[in-house]
Each structure stands twice: as C-alpha cells, then as structure tokens.
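Structure first, commentary second.
Labels A, B, C and D are assigned to the chains in the order they are written; within every chain, residues are numbered from 1.
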Amino acid sequence: MVIIMEKGTSESLIERIIEKLDKDGFDIHRSTGVDHTILGVIGNTSRLDVRDLQLMQGVADAYRITAPYKLVSREFKSHDTTFKIKDVEFGGSETVVMAGPCSIESKEQITRIAEKVAKSGAKVLRGGAFKPRTSPYSFQGLGEEGLQYMREAADKFNLVMITEVMDKEQIALVEEYTDIIQVGARNMQNFTFIRALGKSKKPIFLKRGIAATIEEWLMSAEYILSGGNQNVIFCERGIRTFETYTRNTMDISAIPIVQKLSHLPVFADPSHGTGIRNKVIPMARAAVAAGAHGLMVEVHDQPDKAVSDGAQSLYPDQFEELMNQIRVIANVIGRKVAESK
Amino acid sequence: MVIIMEKGTSESLIERIIEKLDKDGFDIHRSTGVDHTILGVIGNTSRLDVRDLQLMQGVADAYRITAPYKLVSREFKSHDTTFKIKDVEFGGSETVVMAGPCSIESKEQITRIAEKVAKSGAKVLRGGAFKPRTSPYSFQGLGEEGLQYMREAADKFNLVMITEVMDKEQIALVEEYTDIIQVGARNMQNFTFIRALGKSKKPIFLKRGIAATIEEWLMSAEYILSGGNQNVIFCERGIRTFETYTRNTMDISAIPIVQKLSHLPVFADPSHGTGIRNKVIPMARAAVAAGAHGLMVEVHDQPDKAVSDGAQSLYPDQFEELMNQIRVIANVIGRKVAESK
Amino acid sequence: MVIIMEKGTSESLIERIIEKLDKDGFDIHRSTGVDHTILGVIGNTSRLDVRDLQLMQGVADAYRITAPYKLVSREFKSHDTTFKIKDVEFGGSETVVMAGPCSIESKEQITRIAEKVAKSGAKVLRGGAFKPRTSPYSFQGLGEEGLQYMREAADKFNLVMITEVMDKEQIALVEEYTDIIQVGARNMQNFTFIRALGKSKKPIFLKRGIAATIEEWLMSAEYILSGGNQNVIFCERGIRTFETYTRNTMDISAIPIVQKLSHLPVFADPSHGTGIRNKVIPMARAAVAAGAHGLMVEVHDQPDKAVSDGAQSLYPDQFEELMNQIRVIANVIGRKVAESK
Amino acid sequence: MVIIMEKGTSESLIERIIEKLDKDGFDIHRSTGVDHTILGVIGNTSRLDVRDLQLMQGVADAYRITAPYKLVSREFKSHDTTFKIKDVEFGGSETVVMAGPCSIESKEQITRIAEKVAKSGAKVLRGGAFKPRTSPYSFQGLGEEGLQYMREAADKFNLVMITEVMDKEQIALVEEYTDIIQVGARNMQNFTFIRALGKSKKPIFLKRGIAATIEEWLMSAEYILSGGNQNVIFCERGIRTFETYTRNTMDISAIPIVQKLSHLPVFADPSHGTGIRNKVIPMARAAVAAGAHGLMVEVHDQPDKAVSDGAQSLYPDQFEELMNQIRVIANVIGRKVAESK
C-alpha cells in the first residue's frame, strides 16, 4: 500500500499515521519529496480498507500496490493452467467448443442436438436443467430428469458435459451427472455458494457478472482456488452498458486482459453476450481471434420452438459454418479446433 | 404485445405470422397503415420472448405493451402498501430511519450503538451477522451469536430489528431473531433464494442490484409477492456507472420512479450508495427530499476500529445532526421523522 | 507520480528507469521494500503519460499522485469562489434559481414566462436561441432575433440572462446579449471552443458531459481558468448509465464531491437530468438538499405546445410550488432562496 | 408511432387524443383490444416527441415504429455504399488498413513511418496535426506545417491521407491537404460542425462518441448525408463503461449491428479502443473477424519518444505481424488485405 500525504502536512500528523500503522504490525518506508511525503506500507495489507486510509487527516490519497488476489494471478503461477477431462484439454493449444441448447427440453431434443454438435466438432455438450428466470411465470427446467437425459446424450456421442448449478444444495446432485459445473453470471458474487464450490472435485466454469469488474471476477475465482479447487475456467458473456441494442455488450478485450493477469483458461459465450442469433457468429469469430481458449454456443435444431432463448440459438448448419470459420482463425494464433466428423 | 411489420411486407408473410400466433392461442388485432401493418397481440404474452418475434421474417419490430410484473404494480393495487412492526409503520407518512453498524462485532458494540441511534430517533436497528466479502481473506461475521446480541440490543431500546440473510439455508435461523429480512444487492436476482422468501412471514427489505434496471428490481419483488409474502420494501443503494470517484452512483431518481410504478415502500441506503462518510449526509438528505419512505444508515461509534466499512459509517453525533436536518426536509413533503429522546 | 516495481525486479532495470526519468529532469525518491521497490517521481509530471510508465519493463504499476488540474482545485484556492451579476451572488449563501423555456419561441412567449418565473423568485432567465438537435429534421432555434427578445424580457423583470453558445463563432454575438454563457454537455470537451471561452469576460456555465468523469469535468474548467476567465459554474445534468427509464441518471453525489475538490459553484439541472416533468420536482429538491449552489429549471406556460423538450418543462404553478419547497430545504443547510413577489 | 392506451381508459379520453393528433395532421388507425386500445399514428412523426405522448392522460406508453434516420438506413438503400480514393476502395471486399502516428511530430518522423506502414500493406496514412487535449498543458500539434509534411509523405508512398478536423473553421484549410476528414469521438454530436461537413466534398470518417448509442451515431451520419455528402465511414473506437482496466470498452458487436442497419462502411480503431499496446493486436484481429471494412491503427517507430499516445502505438514489426494475421482472418469472411511489399 502507498499513502500520499497532503502538500504541507505537519510532521506530527505524518508521525501519527506511521505510529498507527506500526501498531497494526506494518513496516513503513517513508520517502520525503519536495511537495509530498510518500509512505510505503509493507505487510499483509489485504486486511486494510483503502478508504479508511484515504479518510485519515493529512492523507491526500492511498493505493493498493498489490492485487487483492493471489492464487489466480500470474505472479503466483506464471505458466498456463491446463487440465484434461476425457481426452479434451482445457487451457491448452486447442480452442474447445461447448455447444447445445439453452434448456434440456426432452430426451429426444438433447440427443438430437448432441449428435449434431458432436458431428461439427464440439467437444462439450451444454444444456440447462434448472432455469429460474427473471420472471416467476416462465419455464423453470426439467430438473434431475433433464440431467439424466443429458448425461446419456453426452456419453452416447463421447462429449464432455457441462451444466449450471443454481445454488449450494444442488451441487451434490449435479456433481453425480456433470463433468463441469457452470456458475451463472448472477451467482458470480454469491460467496457462500462459490466458497462451497471450492470443495468440489469438478472444474468450475465461472461466468462474469454483468456488472463485475475484471478484478472482482478474479476475486471470485480466488474464492474457489483458496477452497482447494484449482480448475476454474473464466467465461466472458457480456457486461451491462448504456447500449441497449444488444442485451449486453460483450467485452472481447477482457479475454487478453484476463490471460495476462491469470494463468486460468478464458472462454467466451457469444450467445448470451449478444442475445441475437445473427450477431452470435461474428462475435464468436471475434472471441477466437482475440485468443479465447474456447467458446460456449447455444445450438438448437428448432429455435422457434425452444422453451427459452431460442432467439439466440444457432441452427445446426449455422454452427457447422461457424466451426469451419474458427478453424482457420484459431490457426492464426497457433491454436486448433477439432475437425468435423 | 405489438408487432410492427416491415414496409411493404407481403400479405402472405403477414398471414403466416397471424396464423402462428393464433395457433398459440392469441387474439390478433390488425391495423393496416400506409407504410406499416401493425398487429396487436392479445393474451398471456408473458409466455412470448419479444426477440423471437423480432427475428421473424417481415417483422420490423415488436414491443411488450404490458409490464412483465403484476402484483407489485400500481395497476394491480393503486394505493400505497403500509404495514406495522411493533409501533413502526412502513410505507406511510413517517420517514423511518434504520441505523446501526455494518457488522455486529460484540455484545457491547451493538448495545452501545443501539442506545445511541435510538436516542437520535432511529426506529430500526441494522447490523450484519454474516459477512461473506469480495475477498475470501476478510472478516466473515459473528453468525448466530451476533444475532442474539442484536436481538437483545433491539429489544432493550425498543427498536425493530433488520439483518441480512445470505442464502436459503439461513432463512429459518435468522427468522427466529429478526423482524425484517434484508436481501443484499448481490442476491437480488438469486431467484431460488428470493422465491424461498416468498414463503417467509417476515417483511423483505430488497436492495437493488448494482446492475439491475428498475424493471428487473420490480420483477424480483414480483417473485416474493407471487410466493405469498406481500410485505416488500425496496432499497436504492447505488448502481454501477463509469464514475469511479464514488463506489457506486446513487440513483436518487429511482425513488420517485418506483413510487409511481409500484405501491410498495421505497427506502435509500446512502452509506453503500456512496461508500464515503462525508458524502453520506448530503445523499441522505437528498433521498428524503426526493420522497423516500425511509433511510438505512451505517452508524459506528468507533469507525476507525470497525471490522468492515468503517469508512462509510457515521459518528453518532453526525447521525444526530442528520436526523435534525431530515426532520425539516421530510416536513416539506408531508412526512415526519421521529423525535430524538 | 509513484512507480511500483514488480516483485524481484533486477537492480539494473530499476537503475535504467531512474536514469531515464533523471534524464527527463525529474527527481526520484526511492524506497526499497521487502517485496516491492517504490519510486517517487518529483517534478512537472503533467508531461508524463502514466501508461508509458506502466508499460516499462519491470514496472508493476504507476499512479499520478497529484490531480491533473490546478487552478480549479481547493489546494490552489481554499475558499469558495463567489461573484455578482447585477445584485445576484453566485457561489455564496443564496441558492440561485435559473428558469425559463428550453427554446425562445417568440417575444410574447419569453416575456410571459420571464414574468412568471421572476414572480416565483427566479433570479436568472434561461432560454435557447440556437438549437442544433440530435435530428437534422427538428426545430433549430430563432437565432439573434431570439437573443433580442430574451434580453428585453430579462431586463423588463430585472433578471440575469443565461443562454447557450454552440461554437466559437457564436461567442462574440451572444456576448452582446447575455450575462452568462452556457456550455452544453456535448461541448464540455470541445477544447478549441472552451479554450476560446477562457478569453471571454462573461461567466461560463459548464454542463457536465453525459460520459464525463468528475476529473474530466474539472479539467475542462481548468482550460477556461487557465485562459484567464475565473468565473465558471459547474452544472450536473445527468450521466449516461444502463438505466433507460430516465433519459439520464442524475448524479446527485457529484454536487458534494465537486464542492470538496473545487472552489467553484455547483448547480444542478433536474430538467435535463431526468427528462420527465413529474421527476423534475423531486430531483430539484434532492439537489438543493445535497447542497447545490443553484438550480436550472425549464418552465413553460404551454408545455404541450413547446417546440422542444415540452415534456420536461414545469408549469408555472408547479414551479411556484417547487420554489416554496426549496426555500425550506435550503434553510436546513444554511442557504436561502429568494422570496416570491 | 404507436400509442398504447391505459387499461380501461374512457372513450372520451381516447377521442381527445385522436382529435389532437388529427388536428396536427396525422392519420390514426385504431385497434380496440380486450384490455388495451392501440392507436397507430401515420404521418411525419419525426416532428413528435415520444415523451409528450407518453405524458398525455390515459396513455400507457408510446413507441416510435420507424427509425429516426432515413438516408443512412438499409431501408433507404439496401446495397453497400462503396467509393474509391486513388485506387483504394472503401466499403467493398477489401479490408482497408489506415496506419500512422497519433501526432505528426516532424517531417522525418511522418516520412519514416509512412514508408514502414506502406511496406506492410497499409493503404491509408493517419496522423494528427491539431491535438487539443484533455489537459491544457499538453502538446497541441504542429498545425498546417504538419499537414504539409503528411501530404508529402502520403504522396511519396502512394498512400491515401486521413487527418482529424477539430472544428468548422479548420475544414477549408485541412481540405486542401487531406483525402478523408476524420471526426473525433468528442465531436460526433457537435451538430453545427457535422452539419458543415455535409457540404464537404471529402469523405468523412465518423468516430463513435464514447457515450453514443448506435442510433445516435447513425443520426450524426444522417446530418452529413442530409447535407449532401454521401461518403461517410463509421469507426468504432470504444465506449465508456464501468470497467476501468482499459481506457474504453471496445464494442465489437457494433460492427455487425451497424452493417445490418446501414449501407455505409464500418471501421474499428483498436488503438483508442483499448489504449494499451499489447491489447491492440488481439482487438484488431477481433474487429476484422467480426467483419469490419477496415482498421485504423497507431504505429510509431519510437513509441517511448512519441509526444502523445505512445503507449498505444504499435512498433512497425508488431504492425507487420498484425497485417499477416488479418490477411488470413479477412479471407475467412470473403475479404482480402493488401499484400506487403
């Protein structure tokens, strides 16, 4: 932590602050300039609230000079984290594509779609079994029955399975079926929940909250890693801005930024990032071009009949075309995308 | 729902859309203009996703013409909702002030502060027993022990008690102690949680999410009311904007807006809304001047020793001064604030 | 400027940076901590781009420790700036109200409205003669003819006159008529324009850009003061956020913040801040309660016939009621509002 | 325009609104539903302020059903606008790259950089001669002298020239030198200025304001087209959001959206969009992958010596590598990038 004293602060005031911090167990390095005296605070400053220091008499400003997160940082671990599920490597040289419907609607539906996305080169099957929605009057999901259908469909076409868990009590149940646990944007800062995920043996797919800064996003992952679960995948899915043409504004720049700050994989979800089918494809290409480790894309063979988010789901042939395009783009930055079958 | 067809759409396309909606059980009112044909869709349109209609061939745009919420709206209930706890009326002509520390730190601390705020005219004691924080390395709260201290302090000084519940499993425990259940901004769209609160007998104090639109905020209250709990209090506590001087930007205009759209009480929390002590007082005055039904303010007698949010807590004498000021301001709009003792 | 070196940076790297800054004429204060070496850079750092330093090899981060503005700051001038036009004092103990129509439509219209607002206690007449609009197809204003009508109306009722100048070439013309020059939100960072205003003898009413941070707003005023014009009035009029219910979100907290950072007066414009008539009154009360030195309010006696912004204009009787309310509120914080006649 | 009447509005109220609109010269199509009566307003509704209608007694809501812009829209002109300068086609199948320094610093500097970027395949030379900055204390540009150096450099290497014009009076001067006139983000809504550009014979490069919605951006172009200048190029350069890690958040999704709404070319400026050198390359790739018609990139051979924005300028070899990458990416969507020499 660095504390900047106001121009012409009295020596006694400076002394008082040094004493207080010293009493709290910090080492102080003082540097006296012409205008400003600067105090470097050394020690476990994560206990300090910057605002408390800023409000002290004589203090002009105060800054934290070390990131509040540790385990997720490149400073802590310089090389990329990679892990395998079945034969799929995450965080490595392959651009992994997760695809499937927003909601699991029936055994037939999830099986049909699983076959199609597997054919196009997707390695992971996505789909939701629990769907609490903004409106209490909308479809709320098939529950465990949906998880069973999805597991069978994933196994049948040799796909890794990912599905969302809505709260703590669901974790145990969903873990019995899924390979990867998805945390929705709204739960990114539900700390009692993400703390519990730190104890899970399954990798966590952590979506960015629509109002979360990159630092807050990394702090949420810090919760999970500090709990013992080292396999977290970040997923950018759009932030809330003043622009209302799209449901959210996808922050593509978050991809290279997080890759610089952290060793964990970074994916992108252009379906929720845009909310409009004909924008999903260009944004998916953009995310891969920006260096994403993977994509999560909604695919539905009858979007107009989908019980949720049909408007942002790709038709299987659109998905096939997208896969062909990103195979070339991934190559440009030394990544590869699985071939179609 | 209203659907605007594109300029010069073929009759057959229009027919196809009318047929589809008719098959889905909606009545269609068609109005043919010079440039545009407009379709009025009558029925339970909450089942429809506007974006699906917008993507249909020939459709220029589509709008929902009825608010997605019902029970919370003025259309459903025109007069203000009021309810009493002990002798304190919420939503009525009194501007109710809730005050206390951010976290309950000890029996002595909560008792000392309860006495002081009661003296100044506060009617409700606030304080947190569970404190999951952005950082996994910060103080996490006293838990049930804290709830006991707080209940005793509230009763001793005849104050109503409000405290935050972090998740579903805590509800039953906290209900044994508190009079009002507080839902934090981060949980405003945690739907499994707020649905559970619809079954609670205690009034719910629903803070606005930092990225929540007013409509989303009302939808969350709709969850609670549709579950059977009619007593919800809205609380504006700041939204996230590009301005970083304050932690959040308090949206004072949300107070009159929500009062126009809904019959439920609207409070404001200037402490979290600004995050800086010397901004809390002017913003508290502003909220009362704008017509808030009440305030939630953090007060601590030793802010510099507070384990959390000390920087935004008022000193008891500052709080006393604030109460004196808002007594005059509330009067201007026909409200009153309790006298000091 | 403070530079934080990365953990374990080599001595040679640190030396290289010290040398470079030394060559550029800065004094360096070095403080070597356990983890981090901190360099304090002393000198005219306004020449440095923080990002250049942040990109240097071995640098973890860099911060500017002095505000980029000087003349507008409290550090430069601790007591409030006040100035008089006719008998009206700005920045002092009176809460000054500016009122009038959005656009000057005719001699009769501006005279009628001037009489009404003067009766209610307004001290300044507002109105626009030039109205370039978002749409090239809307009314564009009466021009000089309008300025003449407005000057006559202001003089007739002993009101100070304020009107907006759209660009450099208009300054000389408008100066012949007006007492205060208004700079619109869109021109706040039109630097060739505001630089020219530094040479004007008239006080400048500087509206905040809808995407301007408080620091950028102060920097724009710095342009004007550095040009020689010391009389600038800040005006908060709403910032752009994700909330679309109101046209802009009025940042009431900017009022106490700017008053802390600067010695110049701070006004608020609730008409543009909300864009909806029935929200103007509560927001005007809120601004006064937060400590604003004055208000700018749109008043029209036939809002439904107004050629522009009728929807946000108050009826004269609403304005009269508002004035009565803020007289009481201003009192609470030791200010006064002129009586009605 | 569509007007939705409130549930159970009296027939007389509906009649009154119909009469008023009829008197104003609009045709009304009425459709009476079970709950709501809907009025379709036909005519030149650009004269109406939606908010005025929304405030009328009995009106639940009102919507504009036609975009406020005409000439820039796909409805007005369905096929892409393309135009040539020298041998360079804009808006066509080539992804055109504009490159050069932020500021023209000397004849040698602009000539050196022009040669380098031309070698790598850039077709347009960018550079600023007038640099009013946020701070009145920074470098302000070489002026006309800089324009001469730049014109010579562009001709020497057969490059098209683009430079920014800051205000109306500069137009005539700059037109003597440049091929394309750049309008900065801060001037996007400086209407007296952009109206004047409608009379220019030079194509206009219109950057998006950092707080401008896509609709407002298109409206600004409408000003230029309605003035007679049909050649406008849009340029996305980042919008202001709550995320402060990057200077702005580049809205990549604006590229496909504007291409759908308008027939005019859309470029992207990743240098200002990110403000950090090591983020420029991934974002430039992303923009091309999303379908941009071109890029504007800052290149400097001595960024650390640059008088402005050095931190976001690419080194010539980084630029060369970027060009190689986007050649492959552009191909994926059927575009091509000029070869290096």
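In the analysis below, a contact is a pair of C-beta atoms (placed from the backbone, for glycine too) under 8 Å apart; a residue touches a chain by one contact, two chains touch by 3 or more.
Predicted, not measured: the structure shown is a model, and the values here were computed from it.
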| item | value |
| --- | --- |
| Chains touching both chain A and chain B | C, D |
| Longest centre-to-centre distance from chain D, chain (CA-based) | B |
| Between A-C and A-D, the pair joined by more C-beta contacts | A-D |
| Length of the line joining the C-alpha centres of chain A and chain D, rounded to whole Å | 31 |
| Whole-Å gap separating chain A and chain C, where each centre is the average of the chain's CA atoms | 39 |
| Contacts with two or more other chains, residues of chain D listed in rising order | 211, 240-242, 244, 278 |
| Touch list for chain A against partner chain C, complex | 2, 4, 7, 27, 29-36, 38, 40, 42, 60-61, 63, 65-66, 75, 240-242, 244 |
| Chain B-facing residues of chain C, complex | 211, 213-215, 239, 241-246, 249-257, 260, 273-274, 278-279, 282-283, 285-291, 325, 328-329, 331-333 |
| Contacting residues of chain B [partner chain A, same complex] | 46-47, 49, 51-52, 54-55, 68, 130, 132-138, 166-169, 186-187, 189-193, 195, 209-211, 216, 219, 222-223, 226-227, 240, 275-278, 304, 308-312 |
